[in-house]
Each structure stands twice: as C-alpha cells, then as structure tokens.
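Two complexes follow with chain A in common, the first pairing it with chain B and the second with chain C.
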Partner chain A sequence: MNISRRSFAALAGATSLTLATPALLRAQSAGRLVVIGGGFGGASAARYARMAFPDVDVTLVEPQTSFVTCPYGNLILGGKRVLSDITHSYDGLRARGVNVIHDRAQDIDADGHRVTLANGEELEYDKLIVSPGIGFRWDAIEGYDEAAAEVFPHAWTGGDGSQISNLRQQLEEMPQGGVVGLSIPGNPFRCPPGPYERISMIAHYLKQANPTAKIMAFDSKDAFSKQGLFQDAWEELYGDMIEWVPGNADGKIVRVDAENKVFFSEFGEEHRVDVGNVIPPQMAASLAHDAGLVNDSGWVPVDQTTFESAVARDVHVIGDANIASPMPKSGYIANSTAKTAVAAALSDLTGSGAPSDPVYFNTCYSHAGEDYSFSVVGVFRPDGGEIVETPDSGGTSARGPLTELAETRRLEAGYADAWYDSITDDMFS
Partner chain B sequence: MSTPRVLIPDTAAAGEVIQIRTLIDHPMITAVSSDLPRDMLDRFEVTMNGEPLFAYDFYNGSAENPTFTFFARIDAAADFVFVWTHEDGETFTVERSVAIG
Partner chain C sequence: MKKLALVLGFAMTFGTFQMANAQEAAPMIAQSCAGCHGQAGAGQGSSPVLAGYDAEDFVRVWHEFRANERPATIMNRIAPGFTDDEVAELAAYFASLQQGE
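On to the complex of A and B.
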C-alpha cells in the first residue's frame, strides 16, 4: 500500500479546493472512484476497489458513522443478539485507504461527473458506483407516514438502529396475551424471506416471555420464500401462536390507524393489534429518483453484466435499488455484484479486462428458532442481456420431520453465523 | 368459512369506469389428491340492474379463496347482485348499490 497516496486521498476529500484540481489528482492516480452508500453493496465495492486497483482513489459517501445490518436484525427481536453485535465501523475501510465522508449525497450530475453533498461540497469522479438501498412508498398504505413509523416501526432499514430497537422494546412491553400484527408487502421488496424470519424470531421471544401472545401476519402475497420450511418450523416450534393471512384471504393491509393501533384490510376488515410492524411497499432510495436513474417501476434499470445505469454513463448502480431479477434484493447479492461492478467500472481506467462471464452468488439463511435454521442458495449468470439462474445449482434446505432433521437445522444455524461474520468481514475489514 | 367480500365504491361520476374486487373464503377442495370430501363452488355471477355483467364457472383448477377483479362503466345509479353457487346448490349473495355523486 502507498501511504502517501492514502493520506493524499484523505486530504482530497477534506477540501473542495483540492478536488477542483483534477489535473493534480490525475498525476497521482489512475482515476477517481466515488461510491455512494456504505452498506452491503457500497462498502464491498469500496473495499474491493482498494484491493484490486490500488492506483485508484476511492471515496465512500455515507451519512451514518457506523453501519447497522438488516441481516441479523431479526435476531435482536428474538433476544439472540444486541444492537452492538450488528453495528460495524468504517475504520477498516479507512485503514485500507478509502476516503470515507459521512454526509448525504444530494445530487448526481452524470454529464458533469460530479456528486453534490448535503453540505454543498462537490466531488468529481471518473466512475461512480451508487448503492443507495431502498426507499419506502409512504403513500401506499394510507395513514402510514414517518410519524406512524414510530408507533408501527418498519425496522426494514438499518439506519441508526432505532427502528429495530423500538420494535424490540414494544415486544418486551406488550401485555400478556397481546397481539403482534405484521403487514408484509408484495414483490419486489428487500430480503424476500426476511418478514418470515422476523415472524419466527418474534415467536421465539414470545414463547419464553409471553406464551399466550398471538402473531397475526397479514401478507399482500399468496406465497413466500421458503414457505414450506417456515410453516413446518412454525408448527413444530410455536403451535398455534402464528397465523399467516395470505393476500387471497384478505391479508393485504391498505390503511393503518396508528393512534388506535388498528390495521385495515383491503376488504375492510379491522384488526386491533398491541404491537404493529408495518413493512411498507418499497422502491429505490430517493437519491436514485432525484438523479433520474429510475424507470416507471421505481427501480433502477442497469446492464446485467456491468451494472452501469441504462441512462447515465459511468454510473453503476448495485444493491437493492437496481433491477436484476430473478436475483433477490439481498445483502449477499449486493456484495457479489459489487465486485463485478468495480471490475467493470474500473476496467478502462486501469487497462484491466472487463468481466466477461461473471457469476453471482446468493445464500439466504433464516433463523426459525433455537438451533433451527435453513437456507436457499442461488447461482446466477447474465445470459443474452438477462440474468438467469444456473440450472441444477442451488436450492433450498430439505423438508422433513424435525426428528430426522434436527442436526441439519442445528448445523445450518452455525453456518448462518459464520456467513454473517464472513460477509461483514468482506465489507469492513 | 365462505365469507363473501365485495370491494366497490358507494358513488361514482356518471360515465366513470369503476373497479370491483371480490373475494370469498373457500377451501375449493377437489378431492382429486386427498381423502377430504369434495367441497367446490360451481359458479360466480354478477348482475348490474338485473343484466348479466360477469360470470365464471369454477373447475378443478380453481385455487382456494377465489378472488376476481373486474370493471364496470357506471352511466346511472346501479344495483349489483353478486352470487356464488356451491356444487351442492347452496348460494352466498351480496347486494351493493352505486349512486351517482
């Protein structure tokens, strides 16, 4: 590593004066990569850019000074983790020479190759990687706005950890025999198995602390990820504590009354809850909208090999905000595709070859109870401008009676913990 | 079971095309692949001011809790009758009206 370049990059981020003199920067480096968003996509991109292309200056823009992961957030609800266990520092990236700026990216000028920060500072770039995450469609569920989200937390973005902590506290304070209501959106949304792991972890906690409580899970969909595995687990571990109401049984929640703690279904059923978790319908984060990167779907169309925006040159969009179906919107996919996006974005600056036949990997582990986990694995490749799941690869954990599969479920819980440690190392170490 | 539900506005502007959604909780058991006794709806009919608007015959391919979404143009006040008929002849009926306003 080149210490002088590293300190130079830090200095460059500190003053706009230095940034306004690209000729000077050019003399020192192969180019400037700016990464917006310090989550699974952005942190991985910044780290891999430094590892693979040490001659490129890397700046990471992220408003939060530490990162709270969504994965393993449900384990806080289950009482198996605390917030500090899932909070990660950016110091490791700084030590690798990433210039980390804790501010919000306000606007992207793709023609001018410039990012404006909330503090007014401008960052010039040669290549931009944007991993902005999700935003909520606040208008989609009547009565669900940012104020209502304090009563009915979504806990679907990590943020400063306050949303997941709020939900945990409400579960602790719920009266005996109370009702927990969840509102679950239609596809596409971040982390397809996440709501069902959440149901499981809430049940895991309530079984110990509030065994007469009930969980009502209202879903906009008729089917969900790893459904058989989850429903087997619910029956085996939690008896009749959990009731899942699919869309075709009027499960879609269209209105909430936060003051009186009521969910209203599409066909007018009223459901009183003691604790409510509303996971709203989603879209790409606001920056992607403000920068004109989204299409009518509210998500960002990208080249399926390079992840370059369909409308903005030298802007690569990764993570949950982009359109890369049939890959799930998961942290693992953000991490996997970040590496390809970095290689593609920096290939012409560095003279390295662009990735021609990339492979993307995904594994989603879900914890359903104590020593009880399972997974779905997918291997994906771009093919003729689309992404296709590789035939005869991946799959889900086997279904069967717990008496036969207890050891498998226990082992997968350990694999899940190891996955979490590995991927957060792959982002932040 | 068999709670019929209808989502339809109470009022519409003259000439407006309204969306109508229906849902009936029903297991729709074909008995093809289970020992449970057959329990299937046979037909769903909707009339608007006595005239046929929409009808559907259920067969074994129909999923549980059948739901429909369809549209109707409202030129004048309209009375709707929604009737689900079971294979055993039992019926479930919902009546709703849309006023001009």
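On to the complex of A and C.
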C-alpha cells in the first residue's frame, strides 16, 4: 500500500475509514477482529481466526517485523541453535489474509471499541484479543533498570533478539574459571522451568568451552518446576559446576551493581559475577496497565472460559498477561487458550455458538544436555468459574538412573524439536 | 484518487487469501494435537503421523496409552486427560484425514 502515513491518517479521519474496516468490504464481512501482540497467543489467535472464521476481518498489531521465540532461546546459549533458527516471519499470516500492522498499540478505548496506535492512527474493532505478554517490575531489584539490562541481560522476552545474543556473547568472552550468576524470581512468572533449562544449557556450553567455570543460581523460591529431574541431570552431566541457592538459604537477590558486576542478597551477601543473567519479577505488559485491565496483582483478571476481561466487554486477554492459574504461563497455554478465546469472541458475530467444554493443553519440554530432555504435561478444564487440572492425567517424565532412562531422554529431545516446529507452524504457517 | 488506491489495495489483499484459506480448521478438541503432531495430523520430525489413522486402532491405542500398556514417553500422561467421547471424536477426525494431505 503506497500511501504515506500522514495522508492515510488524514483520509481515515475524513472518512472515518480505519485500517481494519475498509468501507467497501465491511458489508461482506461478519465483523472485525483486532489482535494486539504477534507472539504465542496473538499469532495463534490471528491464524486460527482466519482458518475457522473466514468471514471475519483480522488485523494483527505487533511492533516487531519478525518474531523471536523465547522457547529454544536457551539452546542458543548451549550452542545448539542460532538466532535465525528461532526467528519467524509474519508472511505466512499475511498470506492467510491477516492484515499485519507493525506498530505498538498505545491504548484501548473499550467503550468506543477502538485501539490507538503509537503513530496516532485508530483501529475500530468489534472484538479485541490482547496478548501482549509480560512486562518487568523495574523497581523490584534495586539498580536493575534498562541500562543495567545491557550488562546483566534478562533475555526473558524475545524482542529483536539482542538480549539473548548479548548473553551468549558474554558467555563466549568470559575468562576461564569465571562465575556466571543468575537471579531467578518468585512465582508467578513466565515459563516456570525456563530458568533451570537455561542453567542446564549454560552448563552444557561451559563444560566444553570453559570447564572450570561455575554457575551460581540465586533463587527467590525454595522449590521449582521439574526440580528432581533437573537436579538429577545436573549431577549426572555437570558434576559440581552448578550451585543452586534457594530462597531459604539467602538466594533472593535484592540489589545489583552493574558497573562492578555484583549481586546483593536479601541478608547482605555480596556475590561478584563475571556474567550476570537477571530474570526480574514480572507483571502483565504495560499496555494492560495503561488500558486499565490489571488488578492489584499486576495481572489481568479474565473469565476462565471466554478469557473476556473482567472489566472491559469484547476485550479478551490471553497468554502470560492474564490470570489463569493453575495453568503455567507458557507458550503452549497461550496457543491453546487463543483458540478458545477466538471461538468465544467470534461466536455472536458469526452465529457459531461458543465453545461449550473447552480443554486447555500444556506441554513444556526442557533440554538439560545433549540427547537429554524431559517434559511436563497438563490437561486443564474450566469448572465452576475456575480452572482445574484433569485428575489422574499429566505430570512430569519419570525420574530414575540414566542407565535405565537414557533412551527415553534421547527420544524426548527429538520430540521436543518436533514440538517446536509444530507449535511455530501453528502460529505462523 | 488516494481513496481508490487504498480500497484497491485492500481488495487485492483480500483476493489472495481466499485461496490460502482452503485448509479447514480442525475441531476444537483436536487443536492441541497440532502442537506436536503437525498440521492436520501430518506428523512432524519424529512425532508420528495421525492423518488417516484407522478409527478402531486409534481407540485401542489410546486405551493402551491410558493403561500404560504401550511404550510411550508422553502419550501415557496425555491419554488419561480425555474422556471416551472425546477420544471417539478424535478418532473420527484423524481417520477422516488423508495421509499426506
């Protein structure tokens, strides 16, 4: 479309035509769905909407021109993937007829059914799906701000890929025998097993490139996801390279000094590190706050069947930003709930009937080393306004000695790759 | 003139996706399988093909997974999460797909 932004905005203003609703086509369309955020929740929603509801106009708003996944980012640290392997184009969604706009959504006017973009344009919608992911609580760890995140990268959002690349480069440049420090937040946060997969993949790399290095993992918690499986793997594969310091052993980091590369614990211990990875405490992304969708917890309360916001009609919030415990904040849950949310949102526009007994599905594979992976699975259903895990199903891979389980761990590494390729196809193909 | 160009631009975009949209969405209950078994049960890497799976075999295999009577890394944890009615719906859907479709 070769029309300048300014003249477009003028035109849109003059004719009250918006990007999502070319006047000519509105008559033929069952309605206008706008999706904010082109990640696990948003891309899945836009794609599924085009497939299941071809009469609906779909517009996706996402500032990045390609999407870098957090899943498999840890494999970059381990030297098993490069950035281009985890970077995905929006062309597949465009080919399905999604109108992809690369800009940031600035605000939502739920009463007026309008989204304002950073460039000032406005999009009208009938239904809105919001999946903006997480934001960081920059005030939670003293001294950790956006400048400090260049020294101690979080690498906890994909963004333009620079965070994960920065961390990988620092690991490569670390002196022999150096110390890698991680700071790990309390619950809830994005991807509960993610920090521990990261520890494993860093150890996998260091074992080859820097075998006398140490990893100090400072945790705000006393326990973590798939803990037994991870700790077995660390012992089996990395000897004493990894030290995990739980919250009850003063593991909580409350202050950092990026200039001198020091972590400070709650009770005043100072830890000098050569490379630091600070995963800060989290909340829903800023848009959810600016649009007034969050409650005191900093996350977005939603109906547990339709994912409609508790405070804004026709606004459905999915992915990490919402409150849907006991489901984890995972890419698979964002993908799975995206489809239910789309079907619920579009049911009255298309007369299709809302999904009656939805099932939400999660799997998180973790890579602990070469040919060494394991998983956690959960099948969830809404029940009386809450979400419950289906009894006697799901759970983690079996624990046991590697001599017995080596083949299972190897098979799961292959199935993890199949998962990555499948889920990203289900978002972008 | 500008308005016309804009509308034409949209009309063209809209025209191309009619074709790309030929593939239908799977029923809701089968959506989560696409996260490992690929699109429309086509399989992905080492994850098995489900398209064209005989419906009776499917139900039998599912019960074996549920009872831990079939070698599995993960389906033995997934299978107990679905009811018999849901399994029947899954079996019918995957049986209805052509392999390699």
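As a convention for this text, the second predicted complex is superposed on the first by the 403 of 429 C-alpha atoms of A that agree within 3 Å, B and C clash if a C-alpha of one lies under 4 Å from a C-alpha of the other, contacts with A are read in each partner's own complex, and residues count from 1 in each chain.
Assume contacts are C-beta pairs under 8 Å (C-beta built on N, C-alpha and C of every residue); 3 or more make two chains touch, one makes a residue touch a chain.
Keep in mind it's a predicted model, so treat the numbers as computed, not measured.
Visitor: So, A:417: does it touch chain B (first), chain C (second), both, or neither?
Guide: In the superposition, A:417 touches chain C alone.
Visitor: Is A:397 touching anything from chain B or chain C once the two structures are fitted on A? First, second, both or neither.
Guide: second
Visitor: Quick one: classify A:249 as touching chain B (first), chain C (second), both or neither.
Guide: Only chain B; A:249 stays clear of chain C.
Visitor: Is A:303 contacted by the first partner chain B, the second partner chain C, both or neither?
Guide: neither
Visitor: More residues of chain A are touched by which partner: chain B or chain C?
Guide: Looking at chain B versus chain C, the one contacting more residues of chain A is C.
Visitor: With the two complexes superposed on chain A, say which partner A:371 touches: chain B (first), chain C (second), both, or neither.
Guide: Once the two structures are laid over each other on A, A:371 reaches no partner at all.
Visitor: After lining up the shared chain so the two structures overlap, which partner does A:95 touch, if you call chain B first and chain C second: first, second, both or neither?
Guide: second
Visitor: One more residue to check, A:268. First (chain B), second (chain C), both or neither?
Guide: It touches chain B, and chain C stays clear.
Visitor: For A:314 in the superposed arrangement: first (chain B), second (chain C), both or neither?
Guide: In the superposition, A:314 contacts neither chain B nor chain C.
Visitor: Across the complex, what residues on chain C touch chain A?
Guide: 2-3, 5-7, 9-11, 13-14, 16-18, 20-21, 23-25, 28-29, 31-32, 34-39, 44-47, 73-74, 77-82, 86
Visitor: Touching chain C in the complex: which residues of chain A?
Guide: Contacts found on chain A: 1-3, 7-8, 11, 15, 17, 22-25, 48, 50-52, 54, 94-97, 99, 332, 335-336, 339-340, 343, 355, 358-359, 361, 363, 375, 377, 379, 390, 392-395, 397, 408, 411-412, 414-415, 417-419, 421-423, 425-426, 429.
Visitor: Contact residues on chain B for chain A in the complex?
Guide: 5-7, 21, 23, 25, 63-67
Visitor: Across the complex, what residues on chain A touch chain B?
Guide: Touching chain B: residues 222, 246, 248-250, 266-268 of chain A.
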